[in-house]
Amino acid sequence: MSDTPALELKQLTKRFGDFIAVNRVDLAVPRNQVVALVGESGSGKTTTGLLALRLLAHDGGQILLDGEDISTLSQKQMKAYRRRLQVVFQDSYSSLDPMMTLGEIVAEPLGIHGVATAAERRDTARGWLEKVGLDGSYANRYPHELSGGQRQRVSVARALILGASVLVADEPTSALDVSVKAQIVNLLQGLQADMGLSMLFISHDLSVVRSLADEVVVMLRGRVVERAPTDRIFSNARHPYTQSLLDAVPVIDPAARRRRTFLSAEEITARTPRITASDLVAEPLLDTADPQLVALAGSHFVEAIVAERATP
Amino acid sequence: MTGFIIRRVISMAVTFIVVSIVIFLMMHSIPGGPFDGYEMPLPDNIKAKLMATLGLDKPLWEQYIRYMWGALHLDFGVPFQSPGDTVIGLVAHAWLPSVTLGGLGILFGAPIGVLLGMAAALRRNSWIDYLASALATLGLTIPVFIISTGLILVFAVWLKWTPASGWGEPKRWILPIMAYGAVPLATYARYARATMLDALNKPFVSVLRAKGLSERRIIFQHVLRNAAIPMVTIFPAMFVGIATGSIFVEAMFRVPGLGAYFVSSIDKRDYPLEMALMLLISALYSISYLLADILYAVLNPRIRIEGRAR
Amino acid sequence: MTELTTGTTASVPLAKPDSVRQRSPLYFAWRRFTANKAAVGAGIILLIIILMAIFAPVITTTGPNDQDFLTNALNFPSGAHWFGVDNLGRDFFTRIVYGARVSLGIGFSAAVFSLLVGLPLGALAGYLGGRFDWVVMRIIELFSVVPPLLAALLLATVTRGGVWAIILIAGIFGWKDVCLLVRAQVKSFREKEFIMAAQALGASPWHIVWRHLIPNSVSPIIVGFVLAIPLAMMLEASLSFLGIGVQPPTPSWGQMINVGMNFMFYYWHMAVFPTAALAVTILAASLLGDGLRDALDPTLKGR
């Protein structure tokens, strides 16, 4: 057991015609940690998630699961890996087959991978329903009989029943009420601790991210513009886009409220931080004056323009 | 927009060619040639000679090419059953009764259907609504030859109001026109009702009422225009129904039209006539669908303004 | 910044379902269907006709081809012969009832055939998209351009009629409706997250089509099947009417109408009964199909 990240994306790219949705994204989810991928709608974060799950074909880069490159495997070959890499989606209603009972839905992964007998599968599914907080007798119910929060619990059970080690959660709480959000976040935290899960948590909701994530990756129009441990992001964000995201989070204490900054794309580009090379922890990767991801102290990466080169 | 039209035309043309090949092959696979049905079997050498003059001894693909080439010039050869005429001549003759009766059927049936449908939409759940819905369902589900039988039974046999068959004088046309008109009436009644209801429920109608426009103005100047578009686009499809209906209507009412010729040509294994009729009717189908697609694209303001379709 | 309260999962009590019976989506569809009186009525009538066809030997006294009543040929309906006697001395009621067997049998078989061809093609075309879909749509276009009745006439002549040929022909012209319905449904479901979830689980396309897409396509399957029956019956009746369908002496309503036309000016029963039988059956089947469609569609899609 080393420092190999549970999930790693290297220079991952996806193009739709001329439009680059995901632009050379680098990110790593260390074992047993939660990395949040944040950004507004259209930033490419959901696409990144789908690429990582191999549900969408990528145009460049690599996807590593526990150090193994799964980016070029066929779907048939992927099947074995899918036991370890699972997903929970945002829309709890269309995530569940309306014609299947909850018991069948949760047991389906076991069936697909040929695990255990039918009776055992049923029992295991029931057990998992209880594990996510739903009484076992729900197994005979249908998705439309549940609330949104309850359906998400079912999705979580389905995702984890095979003993996954990496979970990609694509905005699992975005469609839920605030109180229910908390329940689902609690659930995920609890399961993560129990099972040693590593999570890629995609969200646009920074308040949820704060309580759950160890590291935050900020995406803007397909590029990673900032990446740092959670408390550094919230206390010391360097990129103007990150700051505008933080400003947008509603605050209860009037005294603590910041003024909201609305930035257009040009303004963001204009305010790209300029950093002198001497502040950098490592050499910038590219020798260019264009914005690139540079390393600052404390595992903090920011897309910035290198103002002066360090003298060789 | 033009790109869309060109693509559809090409697509239809290709489909049509494939269809013509299939028809051609099917035709030639019917066992028995045109000369096998005679009471006195012809001696083989004479049969061979006759086949040669008609070009039936050449390889199939060659026959096909020659035929299609001629078809482009509207030369469909000579019918076996009456070598004195040309196929196209026969078709020109037969075409008239079919088109007259069918056309009149559409001409009477469609407007009546539209009016019924509109009335039904405007007076929901009244007797008009039930009548229109009932007629629409009946007209669309009951096959045309049953309708014809029914018409003959009721009007010719029991009520004795009209003659039952024949083609000569206009009063003989009444029943066939009614038979042809049933489907357009039913189709348009259903469509008109649906599109009217759709349009009447749109928010803009409430706005117009709030503005104080009279109901009559609302209906005739605004709602109708919205409802009309889908109705225009299905118009070409009516001709398709006439084509197939003609087989029965003409048999039942003894009208010497295209349908009647088609049936007899199959009976007599008259390849040229059969082939020509199938091709012409398939062409009619293709053109009707194409027209409907184009009309829809042209009239639908969303597509027209955006400049391209789908 | 608003903080989310955190706690352990254990402190939240297990949610218990209320003690209400399980309600599958089909249950709601059934409720809608039974509210539609016309459709239910049509269904009952169709059921009666089907039962009569199945139990034909039980409800009739003679066979359909027994010319027992030659001396009474062309008799009008009476107590002894409910539908009268036909021109060859056969009890007409018997012939009509046995005709139901033929017409309904052909209708059902052709509908099954249409389903067997249209369902898998539609499901795969909807799910796979791309080239497969394109090919299937081209084929459907081919079938749309050919006037079905004319082509059916041709085919029937080639095969010289007969029951199996008619079933095949009706099936050939019926499958495209089923295919289009299924394809549309599958396409609308393909982008739903539960399909993506199944893919993420490693399910094969076959598993997804079989376990997810087809069960969710119950609506178009049922509707397509039920509506294919009257279409097939119409085709068979048309062909039999023209003489190249079901051959005498096997009774078929279309064939009987043809014969009846020759007598109808006086012996009206020869034309009225087969016409009415065919009309009622087709109408009932169509209304039933329409009612099923109204009942199934909004429920499965709307919720």
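Just so it is clear, A, B and C label the chains in written order, and each chain counts residues from 1 on its own.
One rule holds for everything that comes next: contacts are C-beta pairs under 8 Å (C-beta built on N, C-alpha and C of every residue); 3 or more make two chains touch, one makes a residue touch a chain.
These numbers come from a predicted model, not from an experiment.
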{"item": "Chain with minimal offset from the mean of all protein Cα atoms", "value": "C"}
{"item": "Chain of greatest Cα-centre distance to subunit A", "value": "B"}
{"item": "Distance between the centres, which are taken as Cα means, of subunit B and subunit A, whole angstrom", "value": "59"}
{"item": "Centre-of-Cα separation between subunit C and subunit A, whole angstrom", "value": "49"}
{"item": "Whole-Å gap separating subunit B and subunit C, where each centre is the average of the chain's CA atoms", "value": "25"}
{"item": "Subunit C to subunit B touching residues, read off their complex", "value": "138, 141-142, 144-151, 153-155, 157-158, 230, 234, 237-238, 241-242, 257, 260-261, 264-265, 268, 271-272, 275, 278-279, 282-283, 286-287"}
{"item": "Subunit A - residues contacting subunit C, complex", "value": "50, 53, 55, 78-80, 82-83, 85-87, 89-91, 94-101, 108-109, 112-113, 130, 133-135, 137-138, 140-142, 144-145, 150, 155, 158, 162, 181-183, 185-187, 189-191, 206-208, 210-211, 234, 249-252, 256"}
{"item": "Residues of subunit B defined as touching subunit C within the complex", "value": "11-12, 15-16, 18-19, 22-23, 26-27, 29-31, 137-138, 140-143, 145-146, 149-150, 152-153, 157, 164, 240, 243-244, 247-248, 251-252, 262-263, 266, 274, 277-278, 281-282, 285-286, 289"}
{"item": "Of all residues in subunit C, those that touch subunit A in their complex", "value": "1-10, 12, 14-17, 22-25, 192-194, 196-203, 207, 211-212, 215-216, 218, 300, 303"}
